[in-house]
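Naming follows writing order (A, B and C), and every chain is counted from residue 1.
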């Protein structure tokens, strides 16, 4: 029985009068690549925002490796092993690729400002480690030739991959990818699929929001479907493809009165 | 700390607080309207108000009214005051439109960072203040007493004078006018639409730039009108009058809930009262400190203000 | 078109040389540059001299004083993206510390310097803890209020001089045989220049390490920085505290030279002028900021007819800069780094 590394239990969040998530329960197993799909506005990104601490849930909880993260701030959650990418690329534009990744890598070390100022042994070690880690991640993702370039000058595909490298710098137990294939051509999508599998191989679990069904089918072990803030399906990719409720959600149910 | 004054002068302080609050409200509405459409605090709005006060003075110069003139008859006063308020509203309104065009428009179109807009606003504010400081040679400008300020009647300790009644009636009239514009006119619809969602408004055919300009115009007109009442009431101005009045008006807008028109009104009257009461107890010197403290407290404890809408956070 | 511009850009030519220069060459360059600045009082000549005020006086204030404060404010506004409109408060706190402790106690000057910085840092924390939880516009207004409140407190507190201020502030003790007197301003210039260099050393160091990255990330996208593990509140507070300490230090030295201070010296205008230096020089770019401070401090003194219109020009400058060149006159363009293999 696979161990659940990320559990979301009965999560509800309301914004004013709108219930964005309605008692949603999903999970990601260890070493699993899980996908979260659903029509626009279903609440997928909202789940990401809640589990990374940006929004507080109205009720319900979520656990990482069995430990509840509810009420914790984003940077604390990031340090405990939950990191993400964004639907609209949000890199630190004026910083180089290397610096982008280093900043995240810094997140794992504890050295403070005073140490950095006076060159304490720990800060020097941390500085070295951050850099090494950033460089090796850039290599892992295939961007080492872009290390010194400003993030906003990178081509689109590289920017998307840089975001992934940055998120990986936090050594996440679960990596949350928000529409990583947006704007990719089939070739790039297939490469992305390979990258995702590679990421799983080195020891991360992945939860992926995606609209591109071919990528989802290609790479996921399991697919969960949201619609209007409710989970309506959870199973293997092939099963989901044939699930009537899922089809209805995407295509819309015919109006029986007309 | 003199609490006894608070008790003995309660009626007077309350009445004056409402009068002052009405003046603040006219300025606060400018802040709140612009914030509603731009999600931006128009730092230079205080100078728009100041320009209004200067215009009021200029009108008296043009009309040849000396500072030590005898009070005018009701008829003359009405005429003169109408002239003043129209001129000041026009001057402030036009200044506001020009301000938007010069300091904010480009940044809005380029979707520049909030920091850039703020700095541009501050630059404009300082430029205007300094410009008028040079023009007025750092002097306090005295405004003639146009109308007799003997109390018409007295309620407890409150002296109800003509100028205070004028402020209250005039401000109320303007609030009703504003309400008509916001809720029953095309411009008002545009303002409300752009305040809610600029992108969709544009897609639905709203000319956002036009709405923004007109919002500034509206805010400017209100501030100009406010400046006319201010001048009749306080009878003085100087180049940096905008700063303190602005901070009070801004605090009032935040207190009531920035972006919320009713909030601006509620906040203004509340602040006016608090200022009067605290001045009585702590002394006039500390009035501005009290205002700042209120601002800080509101922002820390209830940033949405008394009636406010939720402060927008960046969509992640 | 862009390629041609690059070819003729002196900054890039210098940047290229710098990248290729050896440690020794870089060190020599730094030494020569520093030496040049120290020697400025001696190489004064009619071309660079300032009419009406002595050159040394101008070098001290506003040039180096502005530069120190601009570097301090740069950490807050330029690097971290926090708009602080009340920076003058830290300067005032430092100045008043020197005044009060210098006049009423026998405390050693250097101790007072540390005290001034300490009080300013404390003020930074007091302001920062509540204020930094707020968003940009509101934060700016609160810092503005803070600056004003400090001044109003100074005016209303008779114990520290009230509106009239304090006079008879002692000068620093002799250093390296040089006396700090009213006639000769050069020791003050050299002292403050040394402080500026120390501050620069510290800030540049921090910029190249974790704190610098954290600040930049916060400025670029604060929410995402938090998602990437950056303790945003802590680093924002640090920016405030460091900015405060630097401003406080400047204040102590300023008071020790000017011998008498009053609240009128620490008005909003000064905060805005320092902000203008940061904006003009390119937010976050420490060299640009110093350049901005020197230019904006020097020009009104050199071209006397400008002095009265100084604030007017600064105001317009800020509007123009934000609209036309938001990245400053010398943008923070990062040099494309050649990666060394570790």
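Keep this in mind: a residue touches a chain if its C-beta (ideal position, glycine included) is under 8 Å from a C-beta of that chain, and two chains touch if they have at least 3 such contacts.
Since we're looking at a predicted model, the values are computed, not measured.
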item	value
Remotest chain, chain B as reference, centres from CA atoms	A
Identity of the most central chain, Cα criterion	C
Inter-centroid spacing, chain B versus chain A (mean Cα positions, whole Å)	47
Geometric centre distance via CA averages, chain C-chain B, whole Å	35
Centroid spacing, where centroids are CA-atom means, of chain A and chain C in whole angstrom	41
Multi-chain contact sites of chain C, meaning residues that touch two or more partners	223
Where chain B touches two or more other chains at once, by residue number	316
Per-residue multi-chain contacts in chain A, two or more chains	54, 86
Residue ranges of chain A in contact with chain C within the complex	52, 54, 73-75, 78-79, 83-84, 86, 90, 92-96, 98-99, 102-104, 106-109, 111, 113, 116-117, 119, 123, 126-128, 130-132, 135, 144, 147-150, 166-167, 169-170
Residues of chain B that touch chain C when the two form their complex	40-41, 102-103, 106-107, 112-120, 122-131, 134, 243, 247, 250, 254, 285-286, 288-289, 292, 295-296, 299-300, 303, 311, 314, 316
Chain C residues touching chain A - in the complex, by the definition given at the top	202, 205-206, 209-211, 213-214, 216-217, 220-221, 223-232, 235, 238, 332, 334, 336-339, 342
Interfacial residue positions of chain C with respect to chain B in the complex	77, 81, 83, 85, 130-131, 133-138, 140-142, 145-146, 148-149, 152-153, 156, 223, 268-269, 272, 275-276, 279, 283, 308-309, 311-312, 314-323, 326
